[in-house]
Amino acid sequence: MADKQIDPALIADHNQNALADMLADYDALGAKLARQNVDIEQLTQKAVDFGVAIPSWGVGTGGTRFARFPGLGEPRNIYEKLADCAVIAQLSQATPTVSLHIPWDRPDDPAELRETAASWGLGIDAMNSNTFQDHDDMPLSFKYGSLSHTDEAVREQAIAHNIDCIEIGQKLGSKALTVWIGDGTNFPGQQSFTRSFERYLEAMKKVYAALPDDWRVFIEHKIYEPAFYSTVIQDWGSNYLAAKELGDKAQCLVDLGHHAPGVNIEMIVARLFQFGKLGGFHFNDSKYGDDDLDAGSINPYQLFLVFNELVDAELSNPSGFNPAYMLDQSHNVTDPIESLISSAVEVQRAYIQALLVDRAKLADYQDTNDVMMANRTLKSAYITDVSPILAMARHRAGGAIDPITTYRATGYRETVGKQRPARKGSGGGIV
Amino acid sequence: MADKQIDPALIADHNQNALADMLADYDALGAKLARQNVDIEQLTQKAVDFGVAIPSWGVGTGGTRFARFPGLGEPRNIYEKLADCAVIAQLSQATPTVSLHIPWDRPDDPAELRETAASWGLGIDAMNSNTFQDHDDMPLSFKYGSLSHTDEAVREQAIAHNIDCIEIGQKLGSKALTVWIGDGTNFPGQQSFTRSFERYLEAMKKVYAALPDDWRVFIEHKIYEPAFYSTVIQDWGSNYLAAKELGDKAQCLVDLGHHAPGVNIEMIVARLFQFGKLGGFHFNDSKYGDDDLDAGSINPYQLFLVFNELVDAELSNPSGFNPAYMLDQSHNVTDPIESLISSAVEVQRAYIQALLVDRAKLADYQDTNDVMMANRTLKSAYITDVSPILAMARHRAGGAIDPITTYRATGYRETVGKQRPARKGSGGGIV
Amino acid sequence: MADKQIDPALIADHNQNALADMLADYDALGAKLARQNVDIEQLTQKAVDFGVAIPSWGVGTGGTRFARFPGLGEPRNIYEKLADCAVIAQLSQATPTVSLHIPWDRPDDPAELRETAASWGLGIDAMNSNTFQDHDDMPLSFKYGSLSHTDEAVREQAIAHNIDCIEIGQKLGSKALTVWIGDGTNFPGQQSFTRSFERYLEAMKKVYAALPDDWRVFIEHKIYEPAFYSTVIQDWGSNYLAAKELGDKAQCLVDLGHHAPGVNIEMIVARLFQFGKLGGFHFNDSKYGDDDLDAGSINPYQLFLVFNELVDAELSNPSGFNPAYMLDQSHNVTDPIESLISSAVEVQRAYIQALLVDRAKLADYQDTNDVMMANRTLKSAYITDVSPILAMARHRAGGAIDPITTYRATGYRETVGKQRPARKGSGGGIV
Amino acid sequence: MADKQIDPALIADHNQNALADMLADYDALGAKLARQNVDIEQLTQKAVDFGVAIPSWGVGTGGTRFARFPGLGEPRNIYEKLADCAVIAQLSQATPTVSLHIPWDRPDDPAELRETAASWGLGIDAMNSNTFQDHDDMPLSFKYGSLSHTDEAVREQAIAHNIDCIEIGQKLGSKALTVWIGDGTNFPGQQSFTRSFERYLEAMKKVYAALPDDWRVFIEHKIYEPAFYSTVIQDWGSNYLAAKELGDKAQCLVDLGHHAPGVNIEMIVARLFQFGKLGGFHFNDSKYGDDDLDAGSINPYQLFLVFNELVDAELSNPSGFNPAYMLDQSHNVTDPIESLISSAVEVQRAYIQALLVDRAKLADYQDTNDVMMANRTLKSAYITDVSPILAMARHRAGGAIDPITTYRATGYRETVGKQRPARKGSGGGIV
């Protein structure tokens, strides 16, 4: 039985106040959906079953290269991060797992950490290695690269770190390693594109060889930043080639903010799934570059279109469908707990809306090139306000009908604000 | 022996006027290069040997969806197009072949066309199929797609057209088919990304099966236009997957204007070559989208960086290196002959500059992460004004030292202006 | 009393079938809104009062520079265009006016045209001049520019054309001239940026001088296309400067597809209104460039955010608020009538959603930097499905509850398909 | 008489080794230019007279939000920064002034600082205020904005800081204040665009009022970062409006990396000059966003085109031409001294190339719409290798013919590496 960060009675009280309105909206929506032969209860169960991982570093306040403005009561270690994640999970009932970053979250006692997480009902999601920063306990610098570095010793250091992450993860119950490297160049000519990629593949093969049988490795691509001229794994093309070279346990991870302007990301999702390499997602939103804004806050229709592909993939090939979902955001001006709750709900919303798409009709319209009706079939699902379904799912699972308002009523932030002194600077695992 | 469009005596006269200055510049450059242990004569021979194909449609005046403003004396058929191409080839000595587009250039008598071309010293480059427009002699419309269309009959029509192009090309001495399709969608939901790609692959396999043993097929990707939401072969990732599925004779073609903003194209060149799929190029330049401006007119350093990869590829694996080079531009406000001459020279310039890169030093700087010197090694080659080498190569081969000025002196445009009445509208093979 | 293109009884029949469901949804929404102290009836009245102009050229099938695939029964002249617009207006009850383009829509008898339009209940919106194409009846070409051309005679021709548009518009009851020019360059150095702008301003002053007292002139900016290196009125900065130089009757027009990637368009709306220069909109949607897709089809949240600014502007300064709204789309793969109906509804949807924003609360959250709640205040309005309000507004005004389905039931397209033979090519006023 | 950081004898030695080759190249170039009626000596004098300011923060190693990898011997205070700037100035002879950032460079004794700078021959350029970070000695946070903050007390704090910068600058001999604020939002709805701009203008009027008569204030715009949804001074349009509202001493500053993808920056330069608001530049280069790479390292032709406008402006209206030039780069993987020397040379190169443009011919080609020759007139200047002019200018002024090689020979970096211990983290004035 899970411990509770928030007194369930407080949640129940707040839910009680919101219940009548929620039920009215739920019933009205149920009636409307019934006319479309959609059973609202099935959707609600899907919402209950849905989960997206929280990145441990997401509960701290993020910043830019220009500044970081600390928030109140930021967590100072993995245990405090888990505590915050437990709040998010309890209120939203949509974030059952936490993804860790090494070295920021390196546990002294993995078994104890795993137990603590479990006591709050939290599982451990993918492990994230870090070779885009230097580590105090490593002799060599990653300034000029890590897994693709020209110096074999640096590559070996990066390989060893990734294997270390796997080993920690095994003790924590994780089943996946996510590898994102910042390797790349700031100047034309700085490195050979080809030799860099060859070195990367050679190094990743050693990491891959260390993967347990039931693990996967997720490779994450990104067009730029921190490298500003070229990046070794710059797009889904290079990502696919790497995953293909490595083997079946290697898959591609899509971060919504890691593409060039205008790129059709939902199409990349479809391609990767078609060729057996869709590993998972880092959800967030962006207007310019890798802005890491809250999921669905800038272009919610795009989020829906991504889930439209995911639902389509799941229905077309359920046995081959197992993507890992995680939020990956930088909360610079909001309370991270509020942003993560809100973002989890937005991701869940897109999923439920995508489930509403009448796929038989859609296929018919596509086959007959009835463009207008094909498009309206998607739009009709998207404009449906599924909030009552999301609220009901939370309510039934023990979460809050209105999670932000309930969170504010708990006084949690003020409480941890007293317990956790503010820190300055940008170190310590906040990206 | 080739016929001549321009009287060689006229060229010789003009060259005579420019010769002394050119020789002075050539000698000065030669002396400077000798100090770097570079033999200018070897570079000049490389320039003489270099060639880039002219697209037959490039000699007409292009336009936009808003308007086309006809030029004087536009060619009305493939013979007049070849005549213009012969002028370009004679003056620039850098464009030995012409790439044809079917149906625009369908010959009544292929043997005669081939002979005419040969009489001007012109070979026939890749054949280009066209399923992005409707054809008068085809019963079905490509409005909703061609090789990926939902209707098998439309796909078969598109397949047959491509095979037709191969057959014509065989008679003309071509050795390659370039397939660019406009297939895609303007609305989310209009088509299934996955089923469209499956249909495309199935259709292309039939085209591929019709390829003669010594032919290649080049697949061209493009992010958008004419489709504005999704495109079936939208980027090098999908292009690679298609070429991989098809077989060794299928390779990827890179058009410099077909990528999202900011995409590092030279890196894509390296990746495709590394994985055995670099087929060729459509050279042009652009600032916004597929602007099809003159090669090197907007970002000449990028053109150099592309050639830096090409030279690197050639030197690292000469036997695997055989890319097809073509100009692909839309000349809306210039005399197409002038733009094509000028663009061929700019492409040739980038090639010679790339040959100037001291690759042994570059590799050393890369291996030791001497970023500044690695970059300066490229920059030092790029800022070298190799114009005297290009001029000398033209001179020695029978071309014009100053080809634009010499072209203007021929009065060719005015002459064909009298022979070829102006036409309106945008039909007839001008894209 | 307006004539009817569609038999009102047919609409009434269809509405009858949809009425019970619509009323149920309307009542449920009304109850939900009432809890927020919002009167659904007031919103419905706002929807009834809302209107967006149809561009006459929008009822034809559009194309790209690569091809145009004609649709069935395309209108061949302004009268047939008006007939199609009347269908849109009758079914959607949201498009009371039509915007004309000269020379495409030049009437032989303006009074008769005005009367015909009025007989269908249609008014004449802004007049659009055209100096981005050559005209058969003009001696000089606009190939190298129009209002900014280096040759005074060409500028005078362009000025005269604009004045002609004003004069025709006066006879038709229009009150505004929209000036979009394609003037710009394809090559660095082609023109002087400064002298081009000076010539433009000088020419526009002459057009401005011909404006009747109760007219406005709308200047439209666009970053690129048809010019691909520079454009004279490239952005809102140049647009503002031009409008400021001209005088109070000159205002800026914002087309949603005419900006660089990532540009925050809603912010430009706010700036132009703040400085007294917001003239109006061309609504559409886009993913890459000026894709001219259906409004709200790619990024509906952006459309909402634009209307959020418009509603804010209207409420803050009602007397200074008078923007002209028009759809401006290219319908390449849909029935234009369906796309225009659908797009008008999407624009209306965004307007009603924006009216739902609780602006007093929003201002409080902004003043206290409660970022999360400020954002949720917008999002909460946006996710509300206001379809029942839009349907009720149509129903009450004599339109169709489900306008696309009703339209299809009329058989209008098949009928005009028999009356209007297909045409090829891209001429005749389709951009 | 200026003190010397580098022993002039060492420079002279190195120059002696390079002299013969340089003279040979200079003579060859002089002969070539003479044929074009260009006097190389006049260009060399222009190169000698040219200067671009160094930002004090540029001599430290920069980083990204992900990491900063410290360099050897980074300066720890303004005196050490000036020492590094003196090395750059001595070797390049192109960087006579240094631009300071407050609070990073706040001097205890301004008079002494000014004297120290002068002893190295360095002047003090524009002062830069900083309200995008919190300051230890200020009670209020800029987390939610500074000059546009909703709280008047925060705005007053920001105003006071700017006035403080002016007062320090007066003591240092500066004549300008540069104001760049990060104010903006990460979420739709976070702030009112209009009220934010009103507050900004109101605050800036107070700063403006504190400007001495002979000072200017430069306003810097930027599309995004650190704010990722909207920015108060997001583009040149808002920048112009602000400068216009403030008065004649307010001008706009253009940073090459602060625009949306594809924006024609050279055109903005022309517009700002035309309307009397071109204040100055922050030179750097970029491929994606505000990458702050070395000037000319990514798109050197763009840098040339910017200078083409600047030279054009200077020649057309010399009395109105007084832009302030500064480098503004982030050196993450190079020795900052090397990058700044190299970048200063690239900026100077673009200036000399732009002086080579035959403007009389260019104007003729423009007037007659001879697009090809107009473009070639620019290109012909650009492809000229003016390195010998730059080298000769340095040589004559006491700088190094090959400044990077000479710098490496001095052992300066190793020397300061011993004197200045490495520091971690990203604080302390490195952006």
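Letters A, B, C and D mark the chains as written, and numbering starts fresh at 1 in each.
The definition used in the following text is that a residue touches a chain if its C-beta (ideal position, glycine included) is under 8 Å from a C-beta of that chain, and two chains touch if they have at least 3 such contacts.
Labels paired with UniProt names: A, B, C, D = Sugar isomerase.
Note that the coordinates shown come from a computational prediction; the quantities given were computed from them, not determined experimentally.
Greatest Cα centroid separation from subunit C: this falls to D. Counting C-beta pairs in contact across A-D and across A-C shows that the higher total falls to A-D. Note: centroid distance subunit A to subunit C, computed from Cα atoms, is 39 Å. Chain geometry summary: the mean Cα position of subunit A and that of subunit B are 43 Å apart.
Looking at subunit C, one finds that residues 144, 185-188, 190, 223-224, 229, 261-262, 264, 287-288, 294, 297-298, 301, 333-334, 369, 371-372, 375, 379 touch two or more other chains. Interface of subunit A with subunit C (complex): residues 21, 24-25, 28, 31-32, 35, 261-262, 264, 287-288, 294, 297-302, 333-335, 338-339, 342, 349, 369, 371-373, 375-376, 379, 382-385, 387, 404. Listing the residues of subunit C that touch subunit B in their complex gives 62-67, 69, 132-134, 141-144, 182, 185-188, 190, 223-226, 228-229, 261, 286-289, 291-294, 297-298, 330, 332-334, 425-427, 431. Those residues of subunit A that touch subunit B in the shared complex are 144, 150, 185-195, 197-198, 223-224, 229-230, 234-238, 240-241, 259-264, 266-268, 270-271, 273-275, 301, 305, 308-309, 312, 316, 362-363, 365-369, 371-372, 374-375, 377-379.
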